[in-house]
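Here the chain labels run A, B, C, D, E and F in written order, and each chain numbers its own residues starting at 1.
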Amino acid sequence: MDLNSLLGLAAGTLGSPVVLFFILGFAAALARVDLSLPQPIAKTVALYLMLAIGFKGGVGIAENGAGLASFLPLAVGILFSALFPFLGYGALRLTSSLGRTDAAAVAAHYGSISIVTFLTAIQVLSDRGDTAEGILVAVAAGMEVPAIVAGLWLAAAAGRPGDAAGVDARPALSIREAALNSSVVLLLGALAIGWFTGPAGMADIKPFIADPFKGVLCLFLLDMGAVAGRGLLQNRKAISAGPILFGLYMPLVGAALMAMAVWPLELSVAGKALMMVLAASASYIAVPAAMRLALPQANPAIYTTLSLGVTFPFNVVIGIPLYIALADMLFSVAR
Amino acid sequence: MQTHSKVRLDILIEQLAVPRLAAMLDSLRGVNGYTILPVQGGSGLNGIWTRDGQVAGAEGMMMLWCILDRHHKDTVLEAVFGFVNERAGLITVSDVKVVRADKF
Amino acid sequence: MDLNSLLGLAAGTLGSPVVLFFILGFAAALARVDLSLPQPIAKTVALYLMLAIGFKGGVGIAENGAGLASFLPLAVGILFSALFPFLGYGALRLTSSLGRTDAAAVAAHYGSISIVTFLTAIQVLSDRGDTAEGILVAVAAGMEVPAIVAGLWLAAAAGRPGDAAGVDARPALSIREAALNSSVVLLLGALAIGWFTGPAGMADIKPFIADPFKGVLCLFLLDMGAVAGRGLLQNRKAISAGPILFGLYMPLVGAALMAMAVWPLELSVAGKALMMVLAASASYIAVPAAMRLALPQANPAIYTTLSLGVTFPFNVVIGIPLYIALADMLFSVAR
Amino acid sequence: MQTHSKVRLDILIEQLAVPRLAAMLDSLRGVNGYTILPVQGGSGLNGIWTRDGQVAGAEGMMMLWCILDRHHKDTVLEAVFGFVNERAGLITVSDVKVVRADKF
Amino acid sequence: MDLNSLLGLAAGTLGSPVVLFFILGFAAALARVDLSLPQPIAKTVALYLMLAIGFKGGVGIAENGAGLASFLPLAVGILFSALFPFLGYGALRLTSSLGRTDAAAVAAHYGSISIVTFLTAIQVLSDRGDTAEGILVAVAAGMEVPAIVAGLWLAAAAGRPGDAAGVDARPALSIREAALNSSVVLLLGALAIGWFTGPAGMADIKPFIADPFKGVLCLFLLDMGAVAGRGLLQNRKAISAGPILFGLYMPLVGAALMAMAVWPLELSVAGKALMMVLAASASYIAVPAAMRLALPQANPAIYTTLSLGVTFPFNVVIGIPLYIALADMLFSVAR
Amino acid sequence: MQTHSKVRLDILIEQLAVPRLAAMLDSLRGVNGYTILPVQGGSGLNGIWTRDGQVAGAEGMMMLWCILDRHHKDTVLEAVFGFVNERAGLITVSDVKVVRADKF
């Protein structure tokens, strides 16, 4: 792939209504005009998107089958999610002035994933006629939680020597609170239902779950843009150049590492691109919630702003076309 | 009409921590109930927040309202303060009167 | 109809995404994972479903006409709703240890109907290509309220001798509060509009009201499952074996009685099956609200748990295929 | 700044009963207004409840907040207690100060 | 156009589900049955409608181009919005007993526009196969705010001599608060996105933004009817015959003036009809909000009830067919 | 448990005016924070209102809750009263106790 087609892809992404509505919400927020949705709606749209993507993923598996080999990406994703926070923690301690606890909290976000970044990438791929394997949805679900455990472990290790209050004294996160969070359950539950009912089930509920999907995603990204912009504005003082840089280079590192990890796998180019997107994206639903509960001494303004205000916009506007182009270059040629 | 003096706690706390706090309250002697009110937003030393647009609810807070007999005030307050103090939130204590003394 | 086709129907019902999402919500709740929707959404989805079903029913009447004979089911439904609570009350007093007031409150629920059970049955029927008469929607609306009046009458009669506080001293339910509740008004209003605008009106708003209907129903049943499961978990101690048994056998009694009542009527097999479903279902919207208002001394944990936690799941998972199979057997053969 | 002593009632009540209670308050001498706050959930002798997922709103409660002159406290409290006592709910009474004495 | 076709149009409008649902909500409210939507939903549906209409307008511009001449209607609209309040103020002072501040506040509402009246008229036009120019959406956006400025100027001028508290002492409305209100930003932002992405963008999100639009509008008008009816009932004592008459004749005056103003313009008949509808409609979103903020001494019961309880129903039920018929008569023949 | 006396303001105000009031509070010495609660409806001299069905939110109100040190009570109350008095709303002042004296 040459520069021209990369630019074409970037322009195509930027010209997608999904991304443009994100930019609208973001720009309006910077001009202090609030285009966010009421909270019950925002929460429901998020549930809808997870239900829909889970169901579609399940139908995809039903259609194309899922051999044992197709579970390899799942293993790769889970491993990545568990290990990447260690790299992130080291990078933050080297290239920023964040304390240990904050660094651990931030690092956990980058091991985990952003489902909306994932959805946007799926949309960009489908705009040019590409679909990935249904199992990718399971990979996304599988990558949500291991990073949380890794982050908490890092914080506990870090807290041990100095901290008077002591991390250990605090109630740890129970397995239920970490793993059985409702987004993971809904994603996997809908996947199971889609798998079970297959294309016939999809035919039933397609006008709800598939047809309006892209439009709903536009509405959601309008809201996400509004919230990201507002957060950036409000917390711009809480956050210095070091962490911001981290929020820009770490996605690239994640995508590059993942590119190597998926190289040998039996996966479509679109599937490999999506794995890179998952690696590059940072959580702003499951991980912030877990950190607030289990690591109250970390500063939420830092990790939320980085993940939602810096990395998310970066990925949506620049990262996604880049990762897809890279995947095209590396894996289309190779095969 | 005859009324009886009781103690009212107003506890502002992150909504994510509500289930834990509720479980703690349920286990305390002297707490017969509590009521949870939604909070729309606020401002404090750690900045401003609002519920609008929130996808995850990680940022939201709730207000917990609890009527106690004054015999249990100290033990309950101590337990609740220990819980709230390590995270965002605050507690106020005030005097109220109720009609049915036996309920609390 | 033989056992094989009954099993086939049951499997078909259980394999429907609508029922599977109910089971997902229910199972998650039992595992203490909350998949419920925010309340403003849950309420709106309920309004949407009533608006849609009312409108469709009206269009159905406009298409096929509604002679005088077609109003007979309405009369049968209203009568059933008014009388069935007496049977229910007697049964509860015999087979459970519930007091008079609680028995009256519970009995009222079973004379009235559950609109979601009705919708699920319509969906199951339409999955195999069956449609019922539009007037059935009016029957559903007509059956909501008479049972409330019957239940309050039972409670008042029961309360007279003993109760010191005296039921009579309490403010009765006004006709406005009972009959003009918003769900009945919306159902009948939408029916009138659908009737008036007919197929042309349907063509206008079909992409909102008809196409995504089944998908929305899935979302709603996810929520209902979550709420039913949570309620069952929380109130499992408030309720003993007697009432639970009642919640399982009473739907069968209702369906059987209704089967006899509709036997001679001019109604499609699907229509008769739906009448049986209405009879078998128990209210959890209109009646609990009325009971809380007019009968505060009855225990809501009992009637809500029975209706929503026991009878509703029973009907959705087992009852509906059974009633349809019965109707097939009784009425297809007979004609 | 000069302030005047008034009485504050906090009335927790089932939301279904709010229209009735409101009608009663409107008819009482000494009640010039009230404010209704949504309640998210709670726990008491009759168990736990939450607003989440509720289709019908039968379970929900509301908090009614009413500032009174102390001359009317007893009559109003008696009437409200008679109403609230026969259903789920509770009432607290407390002292507050306001700036505009004439409004209440 | 003769009387028959006018009556036919009126019947067609009244027979549209959109208008019938409005009437249902309104009538139910008068019978004290509340069919309103929960607030987060009502607000979101309003956002959806603005997003959809803005986007469609933008796509329309992309398809048909927008020469300089097509911006003339925009200029006419803005001018109308800025000047009409002066006429309204004079009329109110002459034909009603409203004080100066209240008159200024009310007059501002009639210079501005009601987006839902506009949408309903678009729907009525499209039901008979007519579409207007995309630029009309920009006109609607452009007419929202000038009337606010005019109304505040009128109130300030009126308040100067007598008022002890003095209007001037109060904080004026900042430009941000007036012009950057979220509905204007969303309308124009969506228009820009629609313009940019054009028909391809529309094809992407049509199942969300276009197909269910009319059905969603029904739901919204059900809610608007409920709120309008409730407001009329509650505030019927706050408002006397003079202002009510104003609420009925002023739309006609506005439509007539606008008919003259658009006469020479290069605009489709449908476009001219919509300009008349905009002129005739009164704001109940942007202007009431601005008046509450900047003119707290005006009585909201008066301006809200007039705009939402009197003029809005009048326009939806009677005005729209009338303005369209007038436009047909004046402009179809003329060309 | 040791507690400290503080002052609690409850400010009921139109939600449209909340950003202005918040900006004013942020600029006042002695105000370290506040919490905003949604209001569902109410009744007063100017009639009844409810949040249901509202498209624009022009009618809605919010409750603002602010804990102060008593040293700042008078200046803050005066400023807030000047703001609230010219529009719909009301303010009450009451005594509360808190655990962490330094936070307010």
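Simple rule for what comes next: a residue touches a chain if its C-beta (ideal position, glycine included) is under 8 Å from a C-beta of that chain, and two chains touch if they have at least 3 such contacts.
Predicted, not measured: the structure shown is a model, and the values here were computed from it.
Traced through touching neighbours, the fewest hops from chain E to chain F number 1. For chain D, the chain with the farthest CA centroid is A. Interface note: chain B and chain F, two copies of one sequence, contact each other through mostly non-matching residue numbers (shared numbers fall below half of all numbers used). Distance from chain E peaks, on a Cα-centroid basis, for B.
Chain A and chain D have centres, each the mean of its CA atoms, that are 45 Å apart. Chain centres here are Cα means. That of chain B falls 19 Å from that of chain F.
Chain C and chain E have centres, each the mean of its CA atoms, that are 42 Å apart. Multi-chain contact residues of chain F (touching two or more other chains) are listed as 37-38, 48, 94. Looking at chain C, residues 34, 37-41, 43, 207, 211-212 sit in touch with two or more other chains. A complete list of chain pairs in contact reads A-B, A-C, A-E, B-D, B-F, C-D, C-E, D-F, E-F. Residue ranges of chain A in contact with chain C, taken from their complex: 38-41, 43-44, 47-48, 51, 55, 176, 180-182, 185-186, 189-190, 192-193, 196-197, 201, 204-209, 211-212. Here chain F touches chain E in the complex through residues 14, 16-17, 20, 46-48, 51-60, 86-88, going by the rule given at the top.
Note for the complex: chain C touches chain A at residues 15-17, 20-21, 24, 28, 31-35, 37-41, 127, 207, 211-216, 218-219, 222. Here chain B touches chain F in the complex through residues 10, 12, 37-45, 48, 50, 61, 63, 74, 77-78, 81, 85, 90-94, going by the rule given at the top.
The residues of chain B lying in touch with chain D in their complex are 1, 3, 6, 8, 22, 25-26, 32-38, 62, 67, 94-100, 103.
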